[in-house]
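Sharing a structure with you now.
Which chain is which? They are A, B and C, in the order written, and residues in each are numbered from 1.
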């Protein structure tokens, strides 16, 4: 089953020749358009996080005076980070579900027999989700500004968050894609979604870690999502700083490296098994 | 409650209605039955004034192409769909105002087997028994009996989701018979079945009919109607276009059809010549059809006439009037899926 | 079971068919059992439906742990505050789950089978309703036990647990009526999305997360007029330090009774509409 050139060699790095770039571009366009055509899936990833941010602002404003809470003008400033991360998690399943559907109906096999590189296929798939992740981040910030949101990190902070959001979308998208490729079933992908949700809750996405206690607090401490969210949050409530940027961008980047590698590995296994 | 001699008595906690259907009560009656969807310019007249009087103990065939209104008519007569006009009476009860009485007396197997994939065959039959008010003591026995009747005893404890298409149909039939209805509606019962299963189902329908069950059968298959039905009605565009015994309807068409295949270039000329032998009839691509007024003896004349005109006859086929012809004459086209 | 009856003149009459009248209660029980069997045979749906309310109670009480420190908070255990919310969500989704199952039946054609039977039309609603209520009791029990393991303490003993069960069963009835009504009217998964979204909204626009006195702004105004807030309060009665009074109880009971009736009528009228398609 192995060809003369081993699959591993083909996926080492991204070839930059014109044809594979063109292929990747075409696939990116396709996946982006697909997202825009599914408003019913896209709406929960935009409406829900905003709703909970609004809910929280009305509910927890007095909680901001509690010990352990960082100094904020309003819970809204605190909540932005969690809302963005929540939205990206919700939205990332869309791309992976579409991928699983492609596998189910055979379109994916056709893609594989085209001359694109394997990694090009994955990146093309992810591209739609990445664009959406960046757009989501900007959208949330813009929508919440009239409601009193203030981003202390300024334009630089906003840009850093958009980049972070884009990279996070890649990381989560690749993870869900690995799942899609491994199981070939869109139902399985949907079923994995609650796990993301659980990971989000056992973090400081909605409330500061400092206020948590016991086992729960420990879990939140070790959860990379906590630190990622806090990177976004510090850019909002403290200002532009190296430490915040590192957490907001490098943590997703690190996760992305792992998950993209996982996705490629799963893809190779799938092909090797045929 | 209608019906002469109807009596009501109790056995335990169950109230039994003995409904004696006098010979004068027709099992299925439709008068001007109508179903319109939408309104104004967008109105769709799925069923547009259907009259039917089906006799006690007969098998009645209801024929028509897809979209003609067969299923809609059946849905109205079986209380699933409210008519927008006209009257339907089944087993002597009005389908709108006495719907539950109708339901008690009919068995229905619709086009797509209506089953629950997560339940087993036996469980579904027992649920039917509950919903039809059968005494609890009978549930298991009845379920077993029906499974045997349709040949699903071995599969009875398996989930229906694991059944093949044919098995689901058979279960669907069993589900419709749990209460031994006097009127049975079968909507395209053999569509998609292999020939063996089809014949097997025909036998079962005949058996049920012999026991006294009136059967209304809708089908796209002319052979099926021919084989089973004592009388048929043809529906097209929501209206009934022919009604009667198959033999009578065929006799009405009268003349046998001669199918002639000629080259496409000669087609128009051949048509004109053939027209002198009788009425031109619809036929398949690449052939011409004519009803021979003089009967089969005219065949040699036809061949000679075409030959003298320099037209080569590629193929020739003579067919006695069939339901296919009845249909073609009534609607102007041949029914798809008809056995040639 | 059938007999050819010959009258005195010896003519053959039509076969005598004795057909019993289906009573509402046995039909409801039969349909209840079917609903319950169906739920348990799909572990991929059933297990999450139990795990979700458990997770919600624990996650919320862990994340928002600190709000119990706000002066005047009615309990000092956050699990006490969030366990009833988990129960309400779980029970509501038990009701809505009936809506989901009905959509599947409608799309798959099995619902025709049910409508063809002479079972009284109300039993098509009451059967699944009983199943939802049974499931609600189960969910409430499980979440309660797990909650206690995680530190919840009913402040008013056994008496305090009754309102929790009442609220849970009540919400499941409301969810069933709403779910069925939407399922009948839409007949496809759009109804599922609407059911979930509306339920989520109505439950969270209340004291779900924080008590009224901590709220500010628009949420406070909405919560004051939302009758479902009384249902949430009812469920929490046994878990808060303040004494259980009739004043805090009657609102929730009235809301449950009123909305159950409304949504079940909504369902019944939706069933009628099915014959128009």
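Convention: a residue touches a chain if its C-beta (ideal position, glycine included) is under 8 Å from a C-beta of that chain, and two chains touch if they have at least 3 such contacts.
All figures in this text were calculated on a predicted structure; none of them were measured in a lab.
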| remark: By label, the chains that touch subunit B as well as subunit C are none
| field | Most extensive contact between chains (C-beta pair count) | value | B-C
| remark: Min distance from chain CA centroid to global CA centroid: chain C
| query | Can you name the chain that lies farthest from subunit A, using the mean of each chain's Cα atoms as its centre? | reply | B
| request: With chain centres taken as the means of their Cα atoms, state the distance from subunit B to subunit C in Å. | output: 43
| query | For subunit A and subunit C, what's the span in angstrom between their mean Cα positions? | reply | 34
| Approximate Å spacing (C-alpha centroids) for the pair subunit A, subunit B | 57
| request: Return the residues of subunit B touching two or more other chains; collapse runs of consecutive numbers into ranges. | output: none
| Touching subunit A in the complex: which residues of subunit C? | 44, 48, 52, 55, 59, 62-67, 69-70, 193, 201, 204-205, 209-210, 214-220
| What residues on subunit A touch subunit C, complex-wise? | 40, 51, 54-63, 66-69, 187, 191, 194, 198, 201-202, 206-208, 211-213, 216-217
| remark: subunit B residues touching subunit C in their complex are 14-23, 25, 56-57, 78-82, 100-101, 103-106, 108, 110, 112-119, 123, 127-128, 130-135, 159, 175, 179-182, 211-212
| For subunit C, which residues count as touching subunit B in their complex? | 1-2, 4-5, 13-23, 26-27, 29-31, 34, 37-38, 41-42, 105, 108-120, 275-277
